[in-house]
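The same chain A turns up in both complexes below, where it pairs with chain B and then with chain C.
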Partner chain A sequence: MGAVATGVEEHDMSDVVINIAKDFTKSPGGRYMKDGSFSGELFREKFLVPKIRDAITQSNHVIIELDGTFGYASSFLDEAFGGLVREGYFDQKTLSKNLSFRATEPHVKYYKLLAEQFLSEATENSSVRERA
Partner chain B sequence: MKKISLKRKAWIRRHQRLAELSSLLEKRKRKERRRGTGSKLVTIEREGERHQIIAKVSHEVPRNFDIEANYEETAKFISEFRRKLDKSLLLRLAGQRVRARIGSAYYDLVPINHISLATALMFAAEYDRALVKIPEWNLATFDAHKWNPGVRSVLDQIGFMELLRIQKPTNSILLPGKMQITPFSHAEGIGNEEAAKLLMMVANLLGLRIESIDDAVQVLGPVRLFDAIIEATENTRLHAYENVTPEHANLVVKRWWMTGAVDQSEGRLTVVIYDRGATIPATLPRSAHWGRIKRGLEWFFGGEGESRPENDAVSLDLAMSRGKSSTGLENRGKGLKVLRRVVDECSKGRLLVMSRRGKYVYESGKKRVYSQLPVSLEGTLIQWELWRPEWRSMT
Partner chain C sequence: VNEVNEWYKVLIVAGIGYASAFAIQWWKVSRDEFKSGIDDLCKLIDEAAHAGSEYWLTAAEDPRRGFLEARVTGLQERLAGLHFTAFKRLARSQRNPAVECILNLMKALTWDGFYVADRPPNPALAREVQLWASRSVVAARSAFAGSLSFRAIIRKKLGL
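What follows is the complex of A and B.
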């Protein structure tokens, strides 16, 4: 496995674990950067997309750990994860193979279901951004 | 020289006395007119200094200053207070000097017997708005030393005195067995960071052993209060102030205000969020879920299914009960159901939402109740009262 960027824990040879509470914030915000700090858009643009790209290039599997935060707004989860597809960064097939969620606390399992739902229901739309 | 009879002399003396008395009365009346009826000597506190002036009480503050228990009187007072503040703000913003004169009117808070947490937040929000617009405005309190101790305690803890730059918040006037309140916070954006700070503070007030942010997450994360606060403040950010007219732009501060409180005797946690925006019922026609709500209104009232103040209770109920949508894009609307879920996560809980002329109450073990308010709230108020057994055991 290649070098792992700061903030991303090396789990085993094929998994890269991104813990939102440790690597991003314990108090995630809403949907867009313009509406406040630690938004889903910020997490996706500045953090999630680069990390997932790196991981995919190195044939790693990305696990998003949801435990450890105060909670999540549905708008954060939708923009962070649904936005990966809607904004045209990755397709459903790639993400279903390379991305999964982990929640151990009972109340966090709800957010896991929500994130999975947003991801599976997202479709690439006309507002696709050009890939970097 | 004609001799004046004794009878005539007595008559003259009597009339001279009457004339003197009349003159004295006239002088007193002129003085009264200058000071106003009900003028009295009051102690004002302004920027840490105390002075005595003669002022007139012209605005009655409700004795039971409680936006839920004494709705109509309190809402009318807040509304009138806002109008007067707006008038004063406009004059000051136009560069006119509005100086306090001898005999000028003031709001006497001495007769208040009780103030609720939500009302204190609403009252403080009005002053906060004024000070955002005119930071140099030297607001003052009148006879604060005579305020009811419970009322003084609530206003002091919530940050009212600090807002008026009179004193820093202190724990010294906390009353045993009464609420401990967090100073109010506010923001224009989504309140995730403010929510985290509030949860840390209330966790400490609950007597929980909080040594790190992880402890607070562990204890209060399962309540899902954080998500609900984000939802409420996100609604304010996205919808409440989006259609502010140019003539009102000078008077509007696009903020929400929030406070929390803990009643140690009951093991109860209360969180209140308030905004002065367009209200939930008024903004529903612009929401992604309007189609379903409109159909509900059509079914309920017949006609076109419009969002009118007289339909607000039903509109609010429809907004609170709608389910999740099936696509990600549609989820960009309001998820007000999240507000209710907090109650379900506690052994006992109560959610109160008041917006424009609608009131909605969702309480553990009871059927939801929605009703029309007699006058508009002119904003949105959301309040959770929550009980969990582990909180009580640690108090």
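What follows is the complex of A and C.
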């Protein structure tokens, strides 16, 4: 687990936990970087892709903690998580093995459902509008 | 001996009567609680739909846009919270029609263009918000109608 970047918590021997509120921002933005700060695209490129790649090479598991933010735009969740498959970084099978979500606050469980749905519905090279 | 037997009978009948009254009262309270929950949820869905469609129809230069953006975000949080805390049984399954409809409503509320300062009005998303809000209300009322029977309430109370 030595390869895990600063700011990302080590949970146990095989889990890398990314807490969006602590490691990224409490105020997630919209879909694309051009839309403004803290977009889903930025989160995917800066955090998710590198961490998941590390996790795969070290046979680890990435847990995304969704608690603690001021809510999520659906476009953020779709671009961050659905974009992992759509942009061709990983396939569904790899992600189902190496990525999961955690939400403890009651209202955040809804965002967890949304994120899981975006991930499961995404297909490689599909456009955003196809799935809207 | 006969007098003692009569007393037993009276006590048994009184006990049955008390238990029945208690069960009926319990059912009524649970039913009213459910009913109130449905009404709160549907009212919130309507409110979110109104704010959402107003936001999507607002022009880029409209000074209300920032407020509407914050309002939609807040209502989305309330919707998610109320749905999960008050109606855990309904929310337990993603396949529940009401849960699916509210997920779709939330998608439409904050979809592409949300947080984008210079986006043009988006009538298609405004319509989508209203559509999923209406479907959510229908699905929520239908789901709860099935939860109002005495049997469903007993099962819920017993955690079955």
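The rule is simple: the second predicted complex is superposed on the first by the 122 of 132 C-alpha atoms of A that agree within 3 Å, B and C clash if a C-alpha of one lies under 4 Å from a C-alpha of the other, contacts with A are read in each partner's own complex, and residues count from 1 in each chain.
Methods note: a contact is a pair of C-beta atoms (placed from the backbone, for glycine too) under 8 Å apart; a residue touches a chain by one contact, two chains touch by 3 or more.
Note that the structure is a prediction, hence the values are computed from the model and not measured.
Peer 1: Tell me which partner A:Ser74 touches in the superposition: chain B (first), chain C (second), both or neither.
Peer 2: A:Ser74 contacts both chain B and chain C.
Peer 1: Contacts for A:Glu121 in the overlay, against chain B (first) and chain C (second): which applies, first, second, both or neither?
Peer 2: After superposing on A, A:Glu121 lies in contact with chain B but is clear of chain C.
Peer 1: Just checking: does A:Gly82 make contact with chain B only, chain C only, both, or neither of them? Give me first, second, both or neither.
Peer 2: first
Peer 1: Should A:Lys26 be classified as contacting the first partner (chain B), the second (chain C), both, or neither?
Peer 2: In the superposition, A:Lys26 touches chain B alone.
Peer 1: Quick one: chain B or chain C, who's touching more of chain A?
Peer 2: The larger set of chain A residues in touch belongs to B.
Peer 1: In the overlay, answer first, second, both or neither for which of chain B and chain C A:Asp35 touches.
Peer 2: both
Peer 1: Which chain A residues contact chain B in one complex and chain C in the other?
Peer 2: 29-31, 35-36, 70-76, 78, 106-108
Peer 1: Help me check something: in the complex, which residues belonging to chain A touch chain B?
Peer 2: Going through chain A, the ones touching chain B are 21, 25-31, 35-39, 68-76, 78, 82, 86, 105-108, 118, 121-122, 125.
Peer 1: With touch defined as at the start, can you tell me which chain B residues reach chain A in the complex?
Peer 2: Residues 187, 189-193, 195-196, 199, 213-214, 216-217, 220-222, 224-227, 230-231, 234, 237-238, 324, 326-329, 331-332, 335, 338, 345.
Peer 1: Would you mind writing out the residues of chain C in touch with chain A in their complex?
Peer 2: 73-74, 76-81, 83-85, 91, 94, 99, 102-103, 106-117
Peer 1: Please output the residues of chain A touching chain C within their complex, sorted ascending.
Peer 2: Where chain A meets chain C, its residues are 29-31, 35-36, 70-76, 78, 106-111, 113-114, 116-117, 128, 132.
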